[in-house]
């Protein structure tokens, strides 16, 4: 039997769209015990929200998210609104005993993130943060390869998240796509947006980070708002850092929106004694693997086409050789969440995982300011 | 205003799933004047079809496709059943004045295909054949590049469709996945299944074919049915042919299910005086382009990441750097069909286009038997 | 002890340069029992030949190759002159009991090639044809992988040799670089120049060919000589053929100089039951290998960087990760020849091997004319 | 007319071999006014040095390099011996008025490097340091592209030099290949060996560095000597650093010998407002280029096959599509040196350039120790 799980979602932007799509599709591809019901969506603009609800099949619309939190017919609050709203919504939802799902980054600072984590844990309800890239089949496969012990002792971890969409000084500050340049709304720059993804993946694949040394940069400080008034950019355009992991390995991380020609180069390479892995989101259907145990004359980097039924999540989709794309990472994540709900198990990454990521981000930014190594705060 | 377009679909296999998904999603991503309504689905097994209908939201279920054709509340008959059923269903549907959509290959021989084409044309209703790969954004971009005149006079066209899933003699004949090995059901082997895709793309990008010389092969003649009884394979495991195009260029085509390590290598390369293009479905988000007009010292094959809003279909999906996958080709195709319906225009590829592909397939098979060059039959 | 081996070379063109380089360098990188001595070089233009000899250290110069053949102080006649001269020189050299080395293609037709092979075999002296690409370390590694039984039963062989340097109608006929367009001098077009390389590699890796079906093309028939007078091109610009191998596998071969953007794409792919290999001369330091025996979830095409001391020839060069280039294939070939001389063993490919290649080329051209399958002549 | 240039070389190891090869070949491929004469080679082991001299054609052998410096028949002292010998030899050679060529790194510390630079500059003779990778045609092409203004304002520079040959604890300390692990001989670890290459290239392509922050690591501290006695590794196995360039761009650099599967991954990427470049020594015949001025829908990373006559150095070698390899970088460098000698011009990189690299290396190591940003010392 399939139970209904009633969703109340806050936000109708890019992520609201990706989540709505996931709710609509998960039961067509995964046999899970719960079926999401698109109960209500909240966002400020009534007209836009109604159009959004019609398109995606949300049953009702609210202009105040508090109505969702208070609604007795809603089980789950899903937070897709800008970063600076996460804390208030999550706190209220947790207090009301809702299951809370939250987009990343968890909050705009570590203090908020810690409070939110405590609140959802106190509520005793399942919680999850949408670091969707863990559900790229190739990244899940990387985790599996590591857990199988195929890499041995790890020496190096190297990650990048390279984009190029803010190079033009004409890119405005504010508006749907570009609140990411506003300190008040985004909290942090690429560190919270892009580095956070790299860090979440790294913590998952390579464990905790002992200390970091950061370098940030703002290449274009003076931009304009959509209405033509001047706007000062005060958050990081670039976030680069060195890291030392608790397992003894070294790490390098670089995130930027000024890498001409790189559109979504979320990459990592991990080098171990016995093998190595490489991934790049621009070719998200591939995982590269080097196996030092292969015969000497036949060693080489394998390009694994991660589309087979033997690969994570792929048996639920099409047939070998048929790729899935960006949006499927959200559906895969949702399926995992629904399975965890059924088994009453922790789903990863949850608020506690995201809190650790937040503490690394905060340490990186503090390190860049202080120009010294910083140990991420204990949680 | 959005008008309802009531669909009756025959078949609940792999393609039934891909089409259902397209019907459910097209209006969430494309602003079109019609909204498909999943009215009825027909297939032989009542239980399976009911489960299928529940999963995808089909309103009712029939075990006889004729009920769909006769139903006054159905506008469109969509044929997703095995190849040997296409002719009968399409003829009946056309006669009843339905819009007919048909999976490829159009029929199991040219005679059938010709009759079907005449029937749908006589009905005066829009018709389409689901050669979905035309709607891979990178292939649509290839078409655009050619239409922009960037390649100049064409010298060569080279296509492959390489898979490896029938290498094991244990792969059975018959059953959901493997009716493709049965002559009675599939009509032809890889020629109709894989070569047909290559030919459709080639005709679209490079125009008509003057003559062909084919070579086919059956590597494993003796297999078993699912119940363990012997089964003789009588259709092509391999279909390779040389071609001469009407524009004076030469072509090579190779399709097989015995290319170990190739999962879905549907590739083409087209070489012109001024430039060249290369595509491979295993990296379907990329198009490679060589431009001879670049400065001499900077010429090279460009890997275009076909994920930008300036690329075909992509503005309807996510953001630059976010890939779409296999299933989206069906949604893109459906969107094009709905737009054509709105404008009352021909949509491509239609039955007439598929008939031309069928005539090339038939010429190739005849050539392989006769061991001489064959001109595809005039249509 | 190192013995002197006195060389007389005919031709001072591109190949004369590559061979001179090989003679000068082989003893610095290989410990072999013979040391080539650059005794004499012959070519028509005295001035140019003298300049060539000074540059490369040839002891003396002749304008008539017959002087080399007659010279008692010369052990080896190395034929690097245009194709139409090979037969006469080789016959004379063999008659005089010289060791004969010959550039490819062996001759301008099969009759010549057969006579030459008989002559050198009758002389009882070692002979070799410079199909240098066998000595690309990655191709030698491919041979090793096949001989180790890693591919299993072979289903497919697919080869290309794609270049783009004759696309412009302004490329003249005649002169040092472009005698390849002259029937009188070259004998055949790309079939003898490029396909011959593909065929030699294929025969080595995949065994003999049972029958072929060819298609040739001349895209630009009217060109000019260097002096501006009209010249008609009468030899193939393109040579494409289907093949069936004696081991039951299918083959496709395509050679052209009209593939815009391809500079030296001498590629092959071989698909077997247990594994596959892919090579492309434009990345000559790499061999790609797919191993079906890898664990299911880790299967993928490996890019083997063929630069390790465990790879063919590479222990003689630099260190892992340091690539060698085009010219080294000649040095490797020469080293193999000198080792064979020491052991008094056959060196491959010799005239007999090249004769088989010639018989395939001739069958392809005959097939293209006759428009039917042709069996290469028995040797 | 060609003038003789008499060479005295110190060292017969890997670099002695590479240089000997360059001296022997340069005049066969480049028309330059000087011809190197292999006058004398010095190294400690008499037997080995004599064998080396025979192989490469050195006229005489010395066991004490001072004999070369004192010899009136020697014009050039070429230093290929281990790092800890560079200073003494260069100082003596400069004092005697010899032309001095030196392998990289210039010295084992900045003080030595500064004295050496002053000495060779005082002598007024041409001097050069063999940072051979500047002469990889693809890297020279990168320099040309930058000088043509095709990248615009630079935002990022990112370099790696990844190898994997010291991962095994069984790799000994000392001996021909492994003096690189000995502090007394090598001075520094990967910083001087690998990072120095990255830095030289970066300074050439992207200008001076304002400050650096370094992180070093020794993964295996306890190894054995060749005789089995314990040896402590005291120099960096890994050298990673952040950099800020004077042009305002950010840099990341990572060098290691613990990156499993990477054999010689000397890579850089440079991102500018208008374009980007990427290079990797493991594919040294390629340069990747992204041009933001291409039409929007056709933008992509181009893989330039750097083998055409329009590319740096390549007109001196073979034909388009024929690659050259590692050793040719030394021959190209030597040709540049000989041309500079003819024109009496400065050749780059010279001791002064190498001094700047040394000052960056020293700043990185000091920074790693002090855990703070360090500005490289003014020169």
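A few notes on this one:
For clarity, chains are labelled A, B, C and D in written order, and residue numbers in each chain start from 1.
Methods note: a contact is a pair of C-beta atoms (placed from the backbone, for glycine too) under 8 Å apart; a residue touches a chain by one contact, two chains touch by 3 or more.
Note that the coordinates shown come from a computational prediction; the quantities given were computed from them, not determined experimentally.
Set side by side, A-D and A-C show the greater C-beta contact count at A-D. The chain with its CA mean position farthest from that of chain B is D. Separating the CA-averaged centres of chain A and chain C is a span of 55 Å. Mean C-alpha position of chain A lies 36 Å from that of chain B.
One inter-chain figure worth recording: chain A and chain D are separated by 42 Å, centre to centre, where each centre is the mean of the chain's CA atoms. Residue numbers of chain B whose C-beta contacts span two or more other chains: 299, 301, 305, 308.
Chain contact summary for the complex, chain B toward chain A: residues 14, 18, 20-21, 24-25, 27-28, 55-56, 163, 165, 263-265, 281-285, 305, 307-308, 317-328. Against chain C, the residues of chain B that register as touching in their complex are 151, 155-156, 158, 160, 162, 164, 167, 213, 215, 217, 219, 238, 240, 242, 244, 250, 252, 254, 256, 258-262, 269, 271-276, 290, 292, 299, 301, 371-373. For chain D in complex with chain B, the residues that touch the partner chain are 141, 144-145, 287-289, 291, 294, 296-305, 308, 310-311.
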